[in-house]
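By written order: A, B, C, D and E. Residues from 1 in each chain.
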Amino acid sequence: MRAENYQSRAQPPSHEYELNFGPNHPGIEGNYALKVRLHGDTVIDAKADGGYLHRGFEKLMEQRLWIQNIALVPRICVPDPAPMELAYSMAVETLCGLEVPARAQWLRVLQMELSRVAAHLFTFGGHAATTGMYSTMFWGVADRDLILDLFEELTGGRVYHIYNLPGGVRRDVPDGFLDRVSATLDYLESRLADYDNLFFTNQVFITRARGIGPMSQQQALELGVTGPNLRATGLAFDVRRDDPYLVYDQIEFDIPTETAGDAWARTLVRRAELKESIRILRQVVARLPGIPGPIRAPIPNPLAWNVPAGEYYSRVESSKGELAWYVVSTGGAKPWRTHIRGPSAMHAVQVLETLVQGCRLEDVAQIMFSLDACPPEVDR
Amino acid sequence: MTTDIGQWLGHLIGQVEGVQHRGRHARRQRLDVAPDALPALLELLQGKGSFVHLSAISCVDWPEDGQFELVYHVWSYELKTLVSAHIRIPREPGRYLSVYDIYKPAAFFERDIHEMYGVFFEGSPSMEKFILTEWDGPPPMRKEFDSENWVNDHFDWQDYHPDWLNDIESRGGGIAIRPDEQRFSRKAKHES
Amino acid sequence: MNVASLLVELVLMPLVAFVVGLAMVLMMRRIAARLQRRVGPPFFQPLFDIVKLYGKHTQTSHGLVHDLGIVMAVGGYIAAETMLPVPGMTGIADKGGLVVLAYVMMVPSLGLALGVGQCANPNGSIGISRALTAMLAYDVPFIIVIFGVAFHFGSSNLITIAAAQQAAGIAGWGVSQMPLLALAGLFALHGMLGKQPFEIYVAPAEIATGPMVEMSGKHMGGLFVMQCFQLYTAAVLYVTLFLGGGENWLSFLAKSFAVLAVPVSLAYLFPRYRTEDLVRLMWKWPTMIGLLGLAFLMH
Amino acid sequence: MTSLSDIPVIQTPPEAPARGGNPLANVFDDFIRYCRSRSLFMLHYCTGCGAIELPPAMTSRFDMERIGIQPMVTPRQADILLVTGYVSVKTLKRIILTYEQMASPKYVIGICSCTVNGGMYWQSYATAKKLNDYLPVDLYIAGCMPRPEAVIEGLKALRDNIEAGTSDNWKDYYQRYDHYLGNQQRLFGADWQTPTEVIAEAKHYGLFGPDTLGEHTRRLEDHRKPLEPLRMTLNAGRLEHME
Amino acid sequence: MSDIDYKAKGSILNPLRTLSFFARKPVTMPLAPRVAAERYRGFHLNDWDKCVGCSTCQKVCDNAAITMVRVPGLPNDPVKGVRDMRPAIDYGRCCWCALCVDLCPTGSITLSREYVHTCTDDQLSSYFILPDPKGIHGQFLGQGWRKEADNDLVDHARQAMGEMTPAARIGNFAEMVNGYDRQQAILEASRCVQCGMCHDACPTHMHAPEYIRAIWQDDVEEAVRQIYRTNPFAHTCGRVCTHKCEDACSIGHTGEPIAIRWLKRYAMDSLAPERVAAIVAEQGKAAPSGRRVAIVGAGPAGLTAAFDLAMAGHRVIVYEALAQAGGMTRYGIPDYRLPQAMLDRDVAVITGLGVEIRYGVRIGTDVSMAELRRDHDAVLLAIGLQYGRSTRIPGSEHADVYRAVDLLREVSAGNPLDVPKQVLVIGGGNVAMDIARSLARLQKIRYGEVGVTVTALQALGEFPADREEIVEAGEEDIVILPSRGPQNVAIEDGKVIGLRTAAVVSLRDAEGRFAPTYDLDDVQFHPGSWVIEAIGQLSDAEAVLGSEVSEQVEWRRGRLATDANGRTSAPWLWTAGDVANGPDVVHAVADGHRVAADMHRFLNTLAEVMA
């Protein structure tokens, strides 16, 4: 026993008290913190505290060659790294005037949508776990792993694919890969019924999620909300369709929306998006074999690659929302400035702070996970 | 489509002085704006132009010009166009007006720019640190801040003494890059 | 009964309870694993956990009350074990009876509340206030059930109750005689175990396991032991009240594990209720069913 | 509060208890060590990107529970601190606090390149480069990030080390506290202090080493302030009425 | 949109269906690690036989994780572009991006499918490994990510060099190669991976990586500055260098080497002579030392030495027997390869430093060596190999049997030649090609058609001449007959009518000495009015030195014996260039530097002694 080792801290007497959510807290997504002030069980104020995952990406990128940054960028958002590569590559391509071959574009769609499915499965798991339903998490993460297996086969890496290069992609699909994609999609579709039974139609979960963290469309627009969170308020905006990139304009897909803007609506939107992504992937699998061509536009020697001076703001739809890169080149071998606008920069800070006000302590974690906020995107 | 928007935009910004318009890639329009004119322009864009979504505010450091460039990326859900409004402000004292009352998301970006570049935004709801709360160095994104030097001052690199290297060194070989390019230390082994 | 054999029983009964409880913990974790499509822990895992926790070098105590709280928690259950008749051993069951048992079973929660309060961790405090609220919630149907059973068998002595059921065969089991009360009892049992959907007071995602947040080393080990006892107590009490108690060890254990498997399996299929939902639910359905059962019984 | 000067400096670390000839003398110790190696609670703290491979390792596909590992949410209950990749300076402070709160024996696992020599972020002003400067590390798992199988192999290696009794770097933190504290001070400033009194603990558990005290612990003593009540830091305006 | 309605209440029973999973098998994998995918990016492998130690991987590495380590005992041959260095990898840095694989010029680095490595704190040195084909733990666990056509980032193709078509070039002596324009030069320069193999391979160790980088950065002045660090014959070398550097270029292992020579030419050509002179002057001439140096022969070696010595502040006087400076580069290399105006630029830079060239002064004839020695502190003999070897076959003493060097000298000097319609050249070296192609041009101008036949002892693949020379000669309708040994010059009526050759059976005897044997059953007759021997050159050092000095110095196998720095046994006399080492401009330049450095040292000690 060692009484001397512990001094309890005197708390000022108050009806209100403060609780630290994070950084070391299971209710927080990643390494992030939320300080909440409570009155009883009700949150009266909250303040986000970031920077635990700050690595200074934007500074690092200014010190590295254009090509070297390809290895760096996926690390900005770990649960959904693929769109980072894409957005950065697209910016460099635009600056260089590189024409990406059609096949590469389809391969990129394949990568993006697989990544989206994986990210959504992960989010469902995380969201369920905040309400105490660990089985969904165990399932979701295990099923996501099947997609990671596909990534491993296609790109050589499970999580960090480093698959895109400015100009195209690094590898073509291996033999029989598309069949395995189809098989995995079949499996995932068959699993959806299981998920519905366990999770999406679970009365207890619906009770927990409905009406939690509601956001009106007006509020969402004011706060800069994007992605599934915005669509859950009724605005059918999707960068893939409204600011098209790759070959999304040649692909059929719907943009699911809900109107209530609460945790349950966001979950439903993600669930529908998962199905849409599977639909997109089916089209990719069907059409990819018929698309000939190189998978990469010729690029200069990466060690001596001056990207022409200019600037570009490239945007893609990540699983979390609008992901944008502002890239400025002065014609040098390294970027002059890159600015990453992660969707979570909004969701994890202002939106979260706003939405948790007035909610119950029980729902704080749920709100964060239902927003699918990804702290490394905030911290960079 | 683009030209229409270009014309339309040209017409719209005709109402504000000190704005230059350059049509760029499809769905990307660039405006070069005098610092004074920006708030009025943004209000116009948001109010009349349906550019309700502030996608980001980027800061670019141009030490040779002694300027910071602030780029306001706004998006219209209706016109499906992104307008980037560029302004340049002097690096010293690095102060500018907040656009928080026009676009709420500005709070995050302005705070971020304040942390990373030291630009102060008057009227922003909070200029307190967020990411770099425990950082007392200079604003790290400024070009004059040398990250690698800072790292060398504050950290040691790992010390490796694998057997194979000892063996090669005993035969006269060894690390073949210049000591100043070598990024891990090779001090004498700890006295342990 | 001589004093020596009583003493032996008093030692043996908690010991048996502990061993069976370990197996119950293992079952619980294996059930979770199975439903989550995985393999689960090795056979001796619950034991390893407890031995390890007791074997920690650092033992952080937050003061005397903190230590005392754990002692109360474990002690309460040890006392309860001696009042639960098992095949061949009755301990002090005929002296205690249902009412004393019901009180004794509240001791651990109160002990925990004391101990956690001392830790001055807000998460712990929130957790314990939730736990006490939850206790209030499930105690209502629990008391109704206990009352009903005692009324039915005309005794609050568990030995008598068990004997009465065993004498009449399956038809005489509490579950056949008072199905509604048995159902309400199952709810109360589930609540008592604190498993999802009634798990709000530990809720890792909100309050970092609540009462356990400051526990480490042997305090945590104490809680692990307590969990063994808790599972055992709840299961055995239910078996004694409704499933004819223990005729022999085989059927006794089979019934206990089977009873426990029900709430434990359900636990992994549901998220947790909020506190007020929990209270509402407990005071609504089980209580209504229990009262209905009681009404039938009295009729 | 115990003052540093009260603590006698023990020159030689206490000798291990003499082991007699009785082969059963250590059975109990061995048993506890075996249990310890079979039951490892892992702190649920995602410090860096490597954390993304932990959910797969914990969940159904790779199921860590098979080797007795389960996540725990508070440092008090945890045995393993998994440092999953880069640690920003801000996180490093929390990691040290967390580590000091954990009950020994405790183990630190450094995952990914970043914990060894800075990894991808070797140029970054924001991340710490060598974890073993600040905490004693028991095991490293290579990869960027290591796959779940590699993580599990690492945990198995740790398990074997614990069973063999070779994994006791946690003692090093007490015995060479001055070294670790010095590195912490170099990074966080001279006034760095944690709520846990490591020196008092070292004394209590007989882990006082010749290097427990030194110039850095003296500096700590100079700067040490009594712990203050938590301040409400939600927003500046509300601070006053709390005082 | 969604098939679950927002307002749906859900069901409390639906989750119970999940209980069916009691009957289903777990999805958990076995505890042992799986085999990774075929292109998995695991730990590194390195094929030591393929690896040349170029260190490109080190440069492309994001994280400074790759460090080159010198491994004594491995092949180390700068001329072949092989170093005894191998990459070591720091797994405390590596991010497994595999850029090192994609950019490896030889394709030696690959990644394995192995991914498990753990160690305790005291074994951390195991994080720093020297990959070999077996892998991190000495156990090959399968090949993972490797370079294939898709992910190969090496830029294999050289920028095409524009040149005149054979038809356009054959009728004149205009320079046939266009040179790169700015765009091409930058693109070509961008292919360089800065491995420095060229620097090592170059006899004078030119700073090729630096000037290539400067060209890529569009900073031609910097490029010229880098070039002049080691080579005052920049224009010349930019055109006619034998480019050992390109043979060593690491890109050349899987693609076409960087056109280093053309890049040098581009840099030199794109700058006005005045700018070049100004850049050279930037280096700063040392204060006059008061020492005098005589250099015999204004060839590349002599002038390079003159350049260095002049920069060091010595008074340098070059004695040249012919009318113009440049030696063999002027009198041996035809204009279509090296316009004399370009050579003049190089010479002008050197004379601009105050080097005095006295033309038409033949040492040994006009001035004796003894006089030279008397008037100077040191003398450098850089007279080159001015005399052609003879085959000494029957008839070779005929007046119409020429040595190639003599004819080339005449062509370069602009003297009219009475070239016949059909000539025969013996030899397979560059000189043979030069004379053949020069005469072909003269024939074309005079007769409108080419009649040149080249016979050489060697098989076609083993010609000493540059491959491109042979190809271009072929394009210019020159007939090349490999593996034929000259037997005799056919003379009829006192006139040469042709050459008889026999097929070569073998060139060397069992010990590898040069001793050709012929198949005398296979004799051919090649008609022609001139026979030109281009089988090597000799020097006339003895004549220059004079008998007195010749007797003082030591000789070795007909050459002046020197130490490693070109100093003869006479302390005041050095020798450099072709006369000392092989016939090649860049070697001569290298020689000039080496000797000049030694002379400078000597002159300095002399100064100290005097003081």
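Operating definition for what follows: a residue touches a chain if its C-beta (ideal position, glycine included) is under 8 Å from a C-beta of that chain, and two chains touch if they have at least 3 such contacts.
Heads up on the chains, UniProt names are A = NADH-quinone oxidoreductase subunit D; B = NADH-quinone oxidoreductase subunit C; C = NADH-quinone oxidoreductase subunit H; D = NADH-quinone oxidoreductase subunit NuoB; E = 4Fe-4S dicluster domain-containing protein.
These figures come from a predicted structure and were not determined experimentally.
Common neighbours of chain A and chain D (chains touching each): B, C, E. Chains making contact with chain B as well as with chain C: A, D, E.
In this view the innermost chain, defined by its CA centroid being closest to the centroid of all protein CA atoms, is A. Put simply, the chain farthest from chain C by mean CA position is E. Averaged Cα coordinates give chain B a centre that lies 36 Å from the centre of chain D. Chain geometry summary: the mean Cα position of chain A and that of chain C are 43 Å apart.
Chain centres here are Cα means. That of chain D falls 59 Å from that of chain E. Chain D has residues 44, 59-61, 63, 66-67, 73, 90, 116-118, 120, 122-126, 144, 147, 201, 235 in contact with two or more other chains. Residue positions of chain A with contacts to 2 or more other chains are 2, 5, 9, 11, 25-26, 51, 54, 56, 59-60, 63, 71-72, 135, 138-139, 142, 160, 198, 202, 204-205, 207, 379.
Counting only residues that touch two or more partner chains, chain C has 33, 35-39, 58-60, 204, 208, 269-270. Listed by chain label, the pairs that touch are A-B, A-C, A-D, A-E, B-D, B-E, C-D, C-E, D-E. The touching residues of chain E, when paired with chain A in their complex, are 1-4, 6, 8-12, 14-15, 17-18, 27, 36-41, 56, 59-60, 62, 95-99, 102-103, 111, 144-145, 148, 150-151, 153-155, 187, 189-194, 213, 216. Listing the residues of chain D that touch chain E in their complex gives 60-63, 66-67, 113, 115-120, 122, 132, 136-144, 146-147, 149-150, 152-154, 156-157, 161, 166-167, 169. Those residues of chain C that touch chain A in the shared complex are 32, 35-38, 58-63, 67, 119-120, 122-123, 126, 196-197, 199-200, 203-208, 268-275, 277. Remark: chain E residues 55, 58, 64, 67-73, 84-85, 88, 90, 92-93, 124-130 touch chain B in the complex. The touching residues of chain B, when paired with chain E in their complex, are 158, 160-165, 168, 171-177, 182-184.
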